[in-house]
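I've put the structures underneath this note.
Both complexes below contain chain A, partnered by chain B and then by chain C.
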Partner chain A sequence: MTIRLRTRAHVFWRCLFLQAAWNRRGMQNLGFAYAIEPALDALYEDPVRREEALARHLGFFNCHPYMAAAILGGAIHHEERVAAGEEPGAAPLSYKATLQGPLAAVGDGFFWTALRPFFGAMAALGALVAGWPAVVAAVLLYNLVHFTLRAVLFGAGYRQGDAVVGVIANLALPRVAEHLRSAGVALCGAAAAAVALRASGVAPGTENAAVLVVAAAAGAGYLALAKGTPLFPAAYLVALSGTIMAAVTGWDGRP
Partner chain B sequence: MIPLVRVDNRLLHGQVLEAWMPRLGATTVVVADDEAALSPLARAAMTLCVPCEIPARIEKLAAVDFAALADSTAVVLLLVRDVAGLVEATTRGLTPARAPLLNLGNVHFATGRRPVTPSVYLTGEELEALKRLAAAGFRIEARAVPTEAPVGLDELERRYAAAR
Partner chain C sequence: MGYLLLGIVAGLAAVERKGFLQAMLSRPIALAPLTGLVLGDVAGGLAVAAPLELLWLGAVNLGAALPVHEALGTVAVAGGAVLAGQALGTGVTPALAVLALLAGAPMALLGRRADRLVEQGNERLALFAEEALRRHHPHVAVRLNLAGLAMPFAIAAVLAPAGALVASTLAVWVVRAAPQLDGPLRVGWWAFCGLACAAGARALRARRAGAIFSVSAAAALLLGMVLRVSP
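Showing the complex of A and B:
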């Protein structure tokens, strides 16, 4: 039997809370079991089989929270076959165990190290140019992309089961990520230049000095990162220096 | 050379690809695991997540030629699923001279396991096996990502004894 769209939507809604009960022993296990529960309720009328199904989804699970939507969809795909007697109860578990690591790696690489920094940089530059509404717009855009991908992954997992891997391969996320990273870096550079030029505008006659400082900071930053300085301390140091510079040059932060 | 052999229940995932591979400057990743090698789904998924410039090999443990990996100019990160896989690898040619450092990354909780780090839960038998590997000359550490401080075997033993 197949479960109704309404039930699948319910599961999708619950998968947004995948990490709400994150714990060291099972990591996202409780979140996963909670999310898939409406589907299991629909598939198993016998309370004993229903309990058994829910219990098997309480085992260890950890993945990228967005990519996990594909696995959740695929787990329902397999549970439908288990309920129909076509597959053993271990089938959804082996599906989860096999895909959680590789999809986590894809998700970390695409969402955490490319898409989110890109929209963060866009928000920073937008705030300098257009003020706070740009930050709201960047958050909305980010989530539009994120929710669309989550829904696509969930649907592909449910309909295609194991073939979801091919669907994800066709999205070419690592290649898109490369472009997003380059674009994000360019946006960061533009934001830094905007800060310095604004500061120089407040104190007349400092435009040339500002351009030099921006160039020196960009050069020093590149060298430091190329020599293996950790990214986060370097980024915080740069942000702190920028704030101090803005204070010294008398920029009050208003666009 | 094999600068690191890692025990990870999830085999290839973000911590390995985003943190360890760049830190080690690894040019090849070898997954030595029978279950993964025999599963078309696992092979497809792992191929998907590894950047195309880094060759990923997924082989049955018995098929891995540790001597050739150690002698090659490639910088190899070797992954096994559990401590048992590590022990089996040492019976099939993995020696301290070929791979001096064994890393416990993620060993998930199960009944009877005790926590020794936030991501590693060991059984008594596994701890004994690790002590034998250390006696054989391997260096053993536990940490999930390279930015954490490594926890040595003595400390793991102490934590195991203190855990309930």
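Showing the complex of A and C:
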């Protein structure tokens, strides 16, 4: 027996709520069970077998929320075989247990520490240079990439089961992530320049001083953060010292 | 009315941030202009969006780690700045932005503490779900997942407007009491923006990040100056 496209779409929609009840005991367990429920309803007419299936998906689960789509698709793939008597009931659990850790690492490394910060930096630079249309464009572009990958992973997991690992490996996400991180840093540098130009622009006659303030804050801030200074104290220190310095020297940013 | 709208926006952002979707809508770069929009000043929200996004670029949920609640902090800062700008009739100025930041940003830390409470509440939900399944109520069990969205919504809906109220009140008071600080506060804001860019570059953890950051900043500055002086 196979699951209809409509049911799979329902499961995909529900997987957007994967972390709704994230907790330290079972982590995404409740979210996973909630997401896969429509598929289990379709596969198991016998209420006892349906409850057994649901119970096994209420166990511990934790993965990156986007990458979990691949595991969800694969779990349905295995549940179809369990329902047909071709696999033991433990097969979907074994699949989940094997993949959740590695895919969490790949997802964290690609989406959370590379793709999203890259688009965040792009949107920030866009906001400074071109205003809100650039922000809208960056967010839309991010979601085009994000939802496409999420849907592709879900479909690949469903169709190919364990072979989804090969599909993910072919995407070469860690290598792409490296490039995105470097490009993101460059965007942050360009944003610092945009801030300096803005600062000098609002105070004609004090261009050099404004640029120096931004450059000094960025440079000293970078070094301090690299040495392990916590972010919040650094932010307060820089904002207050800039204010105090200007008040003491009598420079108020005006011509 | 403004605070009610702020509460709704903050609550929805808190839900989007972890429990549902995670489509960047709760990131400061999107949330600050949205906050400005519901208060009637998109440009004011946008003025603080970029530095807040860069400041909190590294605020991500990695495994079981709890980052600062950047969405709560953003609504408090952006809301505070916009409300102060409206109260003074000036719009969001750099001076108001930095004052709102200093007063509102701690909401992001408070939000992280609140996230721990949410996790504890969700743990109870998971236990209820297991119990419901034992009693043969599978549909009830899985639908408890959605109940997990209520607590982050409620907490953010209360804390964010409170943070915005504190931030706007402080900003208005300081600017009225010491108008001579307007210039120095402006300098403080630009200095903070510089640090935020550095924080963004650090958060990306790229190889040779320091060199890339310096070179790209210098090149972009040069380009900007050339474009500015050319007719």
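Here, the second predicted complex is superposed on the first by the 204 of 255 C-alpha atoms of A that agree within 3 Å, B and C clash if a C-alpha of one lies under 4 Å from a C-alpha of the other, contacts with A are read in each partner's own complex, and residues count from 1 in each chain.
One rule holds for everything that comes next: a residue touches a chain if its C-beta (ideal position, glycine included) is under 8 Å from a C-beta of that chain, and two chains touch if they have at least 3 such contacts.
Note that this is a predicted model, so its numbers are computed, not measured.
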Which of chain B and chain C A:Ile168 touches, first, second, both or neither: first
Contact breadth on chain A, by residue count: chain C or chain B: C
First (chain B), second (chain C), both or neither touched by A:Gly107: first
Partner chain(s) touched by A:Gly26 [first = chain B, second = chain C, both, neither]: both
Which of chain B and chain C A:Tyr95 touches, first, second, both or neither: first
Which superposed partner A:Phe60 touches (first chain B, second chain C, both, neither): first
Chain A residues contacted in one complex by chain B, in the other by chain C: 24-26, 62, 104, 108, 112-113
Chain B-facing residues of chain A, complex: 24-26, 60, 62, 64, 94-95, 98-109, 112-113, 162, 165-166, 168-169, 174, 230
Chain C - residues contacting chain A, complex: 18-25, 27, 29-30, 33, 42, 46, 49-51, 53-55, 57-58, 60-64, 94, 98, 101-102, 105-106, 109, 119-120, 122-123, 125-127, 129-130, 133, 136, 138-139, 141-149, 180-210, 212-221, 223-225, 228
Residue ranges of chain A in contact with chain C within the complex: 16-17, 19-27, 29-31, 33-34, 37, 47, 50-51, 54-55, 58, 62, 65-66, 104, 108, 112-114, 116-121, 123-125, 127-128, 131-132, 135, 138-139, 142-143, 146-147, 178, 181-182, 184-199, 202-203, 210-211, 213-219, 221-222, 225-226, 231-232, 234-236, 238-247, 251-254
List of chain B residues in touch with chain A within their complex: 8-14, 16-18, 36, 39, 41-42, 44-46, 48-52, 108-109, 115, 118-119, 121, 147
